[in-house]
Amino acid sequence: SGKLFLIAGPCVIESEAHVRKMADAIQRITSGLGVPYIFKASYDKANRTSVESFRGPGLKEGTAILRRLAEATGLPVLTDVHEPGHCEIAAEGADVLQIPAFLCRQTDLILAAGRTGRAVNVKKGQFVAPWDMKHTVGKLQTTGNNRFFLTERGASFGYNNLVVDMRSLPIMRKLAPVVFDGTHSVQTPSAANGVSGGQPEFIPVLTRAAVAAGVDGIFLEVHDNPAEAKSDGANALDLKYLHGLLETLLAIHEAAHAKVTAE
Amino acid sequence: SGKLFLIAGPCVIESEAHVRKMADAIQRITSGLGVPYIFKASYDKANRTSVESFRGPGLKEGTAILRRLAEATGLPVLTDVHEPGHCEIAAEGADVLQIPAFLCRQTDLILAAGRTGRAVNVKKGQFVAPWDMKHTVGKLQTTGNNRFFLTERGASFGYNNLVVDMRSLPIMRKLAPVVFDGTHSVQTPSAANGVSGGQPEFIPVLTRAAVAAGVDGIFLEVHDNPAEAKSDGANALDLKYLHGLLETLLAIHEAAHAKVTAE
Amino acid sequence: SGKLFLIAGPCVIESEAHVRKMADAIQRITSGLGVPYIFKASYDKANRTSVESFRGPGLKEGTAILRRLAEATGLPVLTDVHEPGHCEIAAEGADVLQIPAFLCRQTDLILAAGRTGRAVNVKKGQFVAPWDMKHTVGKLQTTGNNRFFLTERGASFGYNNLVVDMRSLPIMRKLAPVVFDGTHSVQTPSAANGVSGGQPEFIPVLTRAAVAAGVDGIFLEVHDNPAEAKSDGANALDLKYLHGLLETLLAIHEAAHAKVTAE
Amino acid sequence: SGKLFLIAGPCVIESEAHVRKMADAIQRITSGLGVPYIFKASYDKANRTSVESFRGPGLKEGTAILRRLAEATGLPVLTDVHEPGHCEIAAEGADVLQIPAFLCRQTDLILAAGRTGRAVNVKKGQFVAPWDMKHTVGKLQTTGNNRFFLTERGASFGYNNLVVDMRSLPIMRKLAPVVFDGTHSVQTPSAANGVSGGQPEFIPVLTRAAVAAGVDGIFLEVHDNPAEAKSDGANALDLKYLHGLLETLLAIHEAAHAKVTAE
């Protein structure tokens, strides 16, 4: 249709109470604005910079938490998977399985995710050209699963920095619906001491730009207290800014839409 | 104010008749839309890839053509300068002197341009971090000239390719008004055989994104027949698309504006 | 000691006969030159661009082939692992477990490899700054395994291209012994149609440079018929060039050595 | 021949006494090692980051100083030029005119330098692909001057950082003799506060690598007291390290040579 959807939630499941609190708060905002909303949280952060970092409740407990959340809220739920063997279990709790950017070239993981029949969101690797995502799409299609989308989250630009190439959005939209990840795109990888830093001040700038360039959805890691978040707090959007940001994005989407679809 | 302005025209003065034709056509469009308009054309293309490429009428003849155009149309005129000794003469024909991206570190050129008292537009070099434009601004300020703005036109991204980092726009806006150059940003430097190639299909995408990110003006090289343009035709916007693009940009600007100024 | 070692072999186990043929041929060359030699081949190519590409004999059969090869030749053997659950089995056939570049941030894989007690070679991701490999080293050290080394194989440089930053070699050598991968560093990722292309003509240039910069070992995918190789033939070194290249590298290593160790 | 030559000296003419002192000291070292030596110093630093930075004695006085130095020492002298109109005067004092990297696309400057009949050294811009230097060579050749060489000094790699792509050396050697600039390649552009910083600890690593990769000459800014240098001290080689570095480079050059020329 052209309706902008939102994937949002805390980076990791910090506790069942916290994901419920976040889902409820975000759902109130998106309902008010008429934005389709998919809840996002990870059960395991498998590629933290440091081995001491918090990783989450793990596959089984995390999946159970997500399933209860989906039932209680009626929201579709997205979570990311890291090994082929985890996909079936994760699919019990989640409506969308997400392939992390670092793993977007791992054939078995993509195939296992595709075979669950769940929708699949593949994040484009920081080392992948947008046109090369056609190979990922080709792998997914061999599973007979045609419910997938692709997410832009920045490209390597020198060391400890990412740049978002807005040309990637129309290039990937020829392959599948495209989501812009406004919070990982402002990461400064490993720039802090043992954890990735971030520039949350650029979340509004980049998401506005991406929506004007043309995307189908927006991905945001949102936290009610980023300074205390157990993962990726440095680049999370503070919940208190979400409503205002979405209002602006919807207005831009509408302004850009006629032209975007006409091209 | 927040009103989006336009700098536009053919890359180079192909003939007096052609710049007049282009200025008239663009002026009709911008008048209808209420967009402040600055005419742009170069009297000399001093850094063509090949020595055989067309360079323009030269400093004196070009300046005279621009002055007559300004008088006839009432439009302010922008042209680029390449040597300190050319600034005074160019200033007779132009209201805005532009420092090309490759030359944005040449102290004497910046000082000479600043001393003319004309407004100065400095294009950020493809090799310069946005925060380092403060040094350029510092040089300009020593001339007592405070009428200047900065233009984003892409950063080096591997070979024969540029990427537009939308974060540069708010970073540079802390220093001066910022223009986004939507046509040079889609150049593929020297990628063609002896001339720079381009991806004009991305002009709408990148200008929409930049306006949503937040800029003060847009720069576009516009030609009524890009395939026959004597310079940079590969990345020029075809005149026939200008009206539609500006309409979209104005709508996006308005949608983004409340938020942009509120940040 | 300062003795340069070699890790080399075909990209993938094409057949038991072929890996034996390659191991024998390379061993003859390295024995003659007094170069310590570790045989390399993959049992599974888990991140091929296309799902139709040849992947190898798989974990169990591949491990058995490698174990027989090690017994027959007396050579230490290296192979790469892709999932934590594969490490124990792979360790039965291999003396060195290698973490692929795309997976160098996957904590569980690094820990599982470390816990086998086998030596571990971690390839630096194309998206990782050399100083950030300290986090990988930290993860490995928590397993009590101190037999590891790090491999440079190029950094993302725009799209479909890698650049080798020779500064990474001394930076990483402060963390562990460092290997330079002269064949993956000349890959042009996904640049060909569905497979990665390569520039084998630059293998000698980059390996000479790396040895002069200072490394502990060299990694080369070597094939007796690159045009017919079942994986990565586009960037493999033709076996017929190996002897001459090693001679040059040894001479450069000796010439550079006094200075390198004196710094 | 294959004999490695050296271009070296202080970044800028700090005083006549200082350039003489530096030339004498370097000449003693190169004579002892049998290395052909070209003295280098700039009369004007035209692109300093800050307008307050020291720029040198200027064109006329600088040229006179260089001419007297050439006469007294018998050394060939190199200096860089920034405007077409300066080339003839600079050619009175210098045997080699150098085009700065930022200016390598300025057609008139290249033509003016070529027309003096002096040898011309063009530094490859940080934003230029090595194969595109053929266009620069083409411009020079239209002047009938065939005495030119090309210098590698790093490519833009994200912000405030350069990377040396060693592949550029053989690519450019198909066009002309190639020099590796070991001191500007370790600049961190504008990373310090208003001046470019540097990583002189990487000068030996990169020059060793470049010589092993294969070059015709080495360019080094050398100072007897880098901490007090009036320009670019942050990336200069301390004079006291020059002899040891050259010894190593000559040994590597000899070790690599047979192979390099045989390719």
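Residue numbering begins at 1 within each chain, and the chains themselves are lettered A, B, C and D in the order written.
Note that a contact is a pair of C-beta atoms (placed from the backbone, for glycine too) under 8 Å apart; a residue touches a chain by one contact, two chains touch by 3 or more.
Worth saying up front: this structure is predicted, and the values here are computed from it rather than measured.
Peer 1: Centre-to-centre on C-alpha atoms, which chain is most distant from subunit D?
Peer 2: A
Peer 1: Looking only at C-beta pairs that count as contacts, which pair of chains has more of them, C-D or B-C?
Peer 2: Pair with the higher count of C-beta contacts: C-D.
Peer 1: Express in whole angstrom the distance between the two chain centres, defined as the mean CA positions of subunit A and subunit C.
Peer 2: It comes to 33 Å between the two C-alpha centres.
Peer 1: Return the distance between the CA-based centres of subunit B and subunit C, expressed in whole Å.
Peer 2: Result: the chain centres lie 48 Å from each other.
Peer 1: What's the distance between the Cα centroids of subunit C and subunit D, rounded to whole Å?
Peer 2: Chain centres of subunit C and subunit D, defined by C-alpha means, are spaced 36 Å apart.
Peer 1: Tell me, which residues of subunit B touch at least two other chains?
Peer 2: Residues 155, 157, 159 of subunit B each touch two or more of the other chains.
Peer 1: Show which residues of subunit D lie in contact with subunit A when the two form their complex.
Peer 2: Interface residues on subunit D, with respect to subunit A: 157-159, 161.
Peer 1: Where on subunit A is subunit B touching in the complex?
Peer 2: Contact set of subunit A toward subunit B: 155, 157, 163-167, 169-170, 199, 202, 204-206, 208-214, 244-245, 247-248, 251-252, 254-256, 258-260, 263.
Peer 1: Can you list the residues on subunit B that touch subunit D in the complex?
Peer 2: 46-51, 55, 82-85, 102-103, 105-108, 111, 125-130, 132, 135, 138-139, 142, 155-156, 159-160, 189-190, 194
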